[in-house]
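Dropping the structure in here first, questions after.
First chain written, first letter: the chains are A, B, C, D, E and F, and each begins at residue 1.
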């Protein structure tokens, strides 16, 4: 175990006595929540894992935090926000399973005296079952026995500043839901894992124009064939760094404000 | 997306069209099942993630397979096989949650036409809920509608040849249950992630001498303070490679025998 | 049973032979999904029941449909979209319970040969568990045995036309999430149940300015004390009728497009 | 919000500050539990909703109580007590789903300081899962932390006095189980919602003569084709008022006895 | 394995080839459902196990059936039908757990080709969750794939003939619910297991006079202190044999009628 | 109720006042956990019921304990440890159902003041779900409110002394997993229920030589056709008594060590 090992922010790369010591010293614990989901022909399936892990790691490095292993399986991908079950490659959990994972992890962290938890989410469909999992954990712990526990629930895209969106989308921001596999996610991946992006494969078949309702079991057919809901043109690693900087700063600010 | 991207065996590092193509070509899909669990003062908490991931990746490279993201959270660690809930750092799922994850992933792979699945397990306590999850998936799919689905369930340590154990333990093999954080796991980690092992921190306070029953809620106190159930002396990267070679060969043989 | 009885669109106000006959004739069945949730000092707790019930009834009357009893209990109210658990009066179901209700009702409708179902939702937090419930129902029915079943999932606010929003919000639409208990809902209630609205009680303490994350167990304190997330000024029954007309027309169009 | 609004006993027709004030003043909260179930050719499907809602409202008006929205979906209808799943129109919940609804509502009422709860049931098959839901709620709250909570569980028919049954059935009371859609329910509906009753459609094909066991999956065929288990002859609004008076008085007496 | 072994009707006292052969020959399989519940000061806690086991065994001997191990734990005992949770000794399962056991056993019997199942129940509170379990099993099997499966659900007391009740209760039958631990159950125990009955310990403190509602968490206090809901006077082994004869004959008749 | 009744160690053969008195006097309560599972052509299906019941009864007689009714249905039989689902006769519960039974029984014992519980298991596959059930019970009770509760979890075969195994297997012990239906279980049955053993039916087709992985849905075919995993030769009632003596002594020692 060289210096790298004890320097890392990654919880699971430490031996137990080091984790114990950092928690005792008040380290906030970050739980990145991802998915294995199609992200267009030009990106790997792990976008929703890479982004929240990176954001959490950058923030943790600044605030003395620890980053738990990222949950790599997300709640059911939906057509309007991620392409949906029709795309090969996407692997979905049910909402109940996802919520139980969040519940179990929080309960077990609480048991070992962690009182500062930040979930950092990278997959839109995880929002609801993350809330359910947190509430189930609070029920299981007992709401009158939480002993100072504070849980912050962050979706990384909500940390992006309006100014940054204006710089990236001078013609107007299409909204986060349509951003699936589009400029924001592509740029962040180019900054973090450029070898997992190949813009020459981008299909330019968007943006999606959705009907104002959902259809089951066969979804309405408006998802562009590529799986990109909006556009990839204009993505760049530089823009990715702007976005990462916002996310990191936003989480640091939240930690400073709430964990006192 | 350079050549690296399309060469990888890691499912989530590929874009969806490549995954679709490989599955259509008959690629077996490996699901590594791990844990975040104490492994002594001398190793990181991710031993049960690193080992099955590496074994699965080596085997997949040989047989044209794909490796799903490793499940990094395992079923409740028990004192006699992993140190148990008393150790800081370990993060446990309930058996029900773990089984539901396995069920959901298998059902969703089946939905997208995967018919060859190999679970590669690195955490003793996962065995039971993996079986439960597989059976629940078969119930959900319908046992008369599995359409050629075959699932192999591998615990990597069962792939080690008796000859190898004799070479490693010339004085006799203590048994896999006591091997937690001991020579086998330490050697394999030294071969794969030496920077996450520091033998100078090994405590030499074992082996455990367990009472012949379990006690709840406070477990019997025979786990050595370090969390190492047996011994670490004699661990080496070379022995680790012997073990990895056995595991890889065993899985390749199983795939050849069963997926025809 | 006079003429009124057999004229009604309300499923539960009919005797079973009439329901049987209408289903056999192809009547789509509407399931309104509501909540019992605070909607400011100026409105009753049943806003999320009244609105989707009325929208469903108007649409059903046009398309020969039937309207099931409205589910009056919704998934956990959240601070940013409904005031959250801190407000007296709100009664919450867990996401799992809500999803199971949706699953059970759909499965039982399917059993009695209903093949055209429209869920009409009035409570933002119900979206996720409604999707989960629909998917669980499809799993239970068997995805290869759905026999023509089509389920449309409608949130009534998504049926409002951009032109209508521009007429109502000439200074810009604040977005549906902030619309809780605000102009849209208040206007629709004034059109439908004016006796349950008292604008003199409106507090004008908004709009909410939310932090970009959630906090548990004690939510961030930015919900205005009244529970109105945006504004009530300018609400009117006339605007309510514009909105109702859009919702009704939108559902009629969806039914015409999808149920052939 | 005119005087009607603040006079009502219906919880969901009040704004949250009024609910808060009444609960603080000690108002008991009534939860009517119904079903959507066949009730013969001569009555609407909502009998089990109308009756407990009316009984609860009359009692609440007398004791200063509040009436929650009625749960309009009941536990699985059985042949011997409601016609069973063979009848079109009936919509069933599983026992587990029904119990979870009861659990969730009670837990959430407890959270907002309600300590006096009365469930008023109108559907025989709800009895078991209501008990289960109440017990699950007590488990979730913690049996040593109920802080004065008292829950009364009422089946409205048990409140009818023997003298009343003798007046209505001078030739002998056939028992509540056979009373499904028969004189008692028909009379009460005639008193409350005469427009939902059409005695000219009554089939006079009963009473049922059941075998002394149940048969699955296809039930024994002794349910009369109309769905009326006993008789409708002699039903009248006057008798309905006798029954309603007993039910109301019985609940008032229970509230007086238990909530001190 | 002597002749006794292969003569027995008890499924679990046979080796697997004999069970396989009998099922192949069409043997109906009986599942007795019991409870461990107080039955007064004069009887053991196993009354609800002994009675349905004996009834099932007598019937099975006549019809060539097999008797599975009796489930010795029942659904939550209630004050009005069994004394309730206030009595020491009673051990309760939740309704959900009980239903899942019934589901699992039926599904597994179906898997091994059993198509004739009779549940024989001895505990009033088991009725609802037995129905739930049967329905869950049918859902799991698939209602269109039951392949001739027929399940009969018997409560042994419903098999008693009116004439027998008149002989036993010349002054009028108090009804089965009040019969808990009273003349019927006591007489049957005296016939079957006289060593588990001691009438000198009977307390004669009944019958119970229940209020017409339930109260939680502390039940209404009308259960007689002994736990006997009605009376024990007049119990005799001879009467027990009359009752057992009726139960056996009733089940034989049901089997003959339904399993052709 | 003669002297036999009050002398028995079997909980369910006592009336409630006697159970109450013994618990108040500190009697440990034993819960035997069994299965209905094939045990070769030469033994009945109830081996896993008979053995833990007998062991628990002998130990209870020595320490003043009580023995609850044995759970006669076990968790899914697996090929490598019990023959698996392919054998007729075996009746399996899911792991979740089994765990919920254990949870419910422990919670209800705790409610009635039992603080000393010993589970005595006779079926290998029950180990995991018993642990899950115990942990779920502790969660439900509240880990900070267990009030001195101690639960011992015993697998009877772990109580056998090495010396005894050497006496029985002078050529080497094949290991407990292969012992299914073999010398240990056969000998114990010969000591306890000789009428349920017929060694002339033993097939001598073992021992099993398993592949080092599991295969689903159709298991690998290495289970010997008889269902005996190892050998039956050399079984005797005398050896059975040696084993029973060890098991009894081991439990008595555990009780003495832990329940003070």
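The definition used in the following text is that contacts are C-beta pairs under 8 Å (C-beta built on N, C-alpha and C of every residue); 3 or more make two chains touch, one makes a residue touch a chain.
Note that the structure is a prediction, hence the values are computed from the model and not measured.
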- Message: Can you give me the shortest step count from chain D to chain E, moving only between touching chains?
- Response: 1
- Rounded to the nearest 5 degrees, what is the angle of the rotation that puts chain B onto chain E, matching CA atoms? 120
- Roughly how many whole angstrom separate the Cα centroids of chain B and chain F? 29
- Interchain centroid distance [CA atoms averaged], chain B/chain C, Å: 47
- Message: From the mean C-alpha coordinate of chain A to that of chain B, what's the distance rounded to whole Å?
- Response: 26
- Query: For chain D, what residues touch not just one other chain but two or more?
  - Reply: 94, 96, 111, 142-143
- Task: Please give the residue numbers of chain E that touch chain F in the complex, ascending.
- Result: 1-2, 4-5, 11-17, 19-20, 23, 36, 38-46, 49, 68-73, 85, 87-94, 96-97, 100-101, 103-105, 108-109, 111-112, 195-198, 201, 227
- In the complex of these two chains, what residues of chain F are touching chain B? 75-76, 78, 94-96, 99, 125, 127-129, 131-132, 134-136, 138, 143, 146, 149-155, 158-159, 211-217, 250, 254, 258
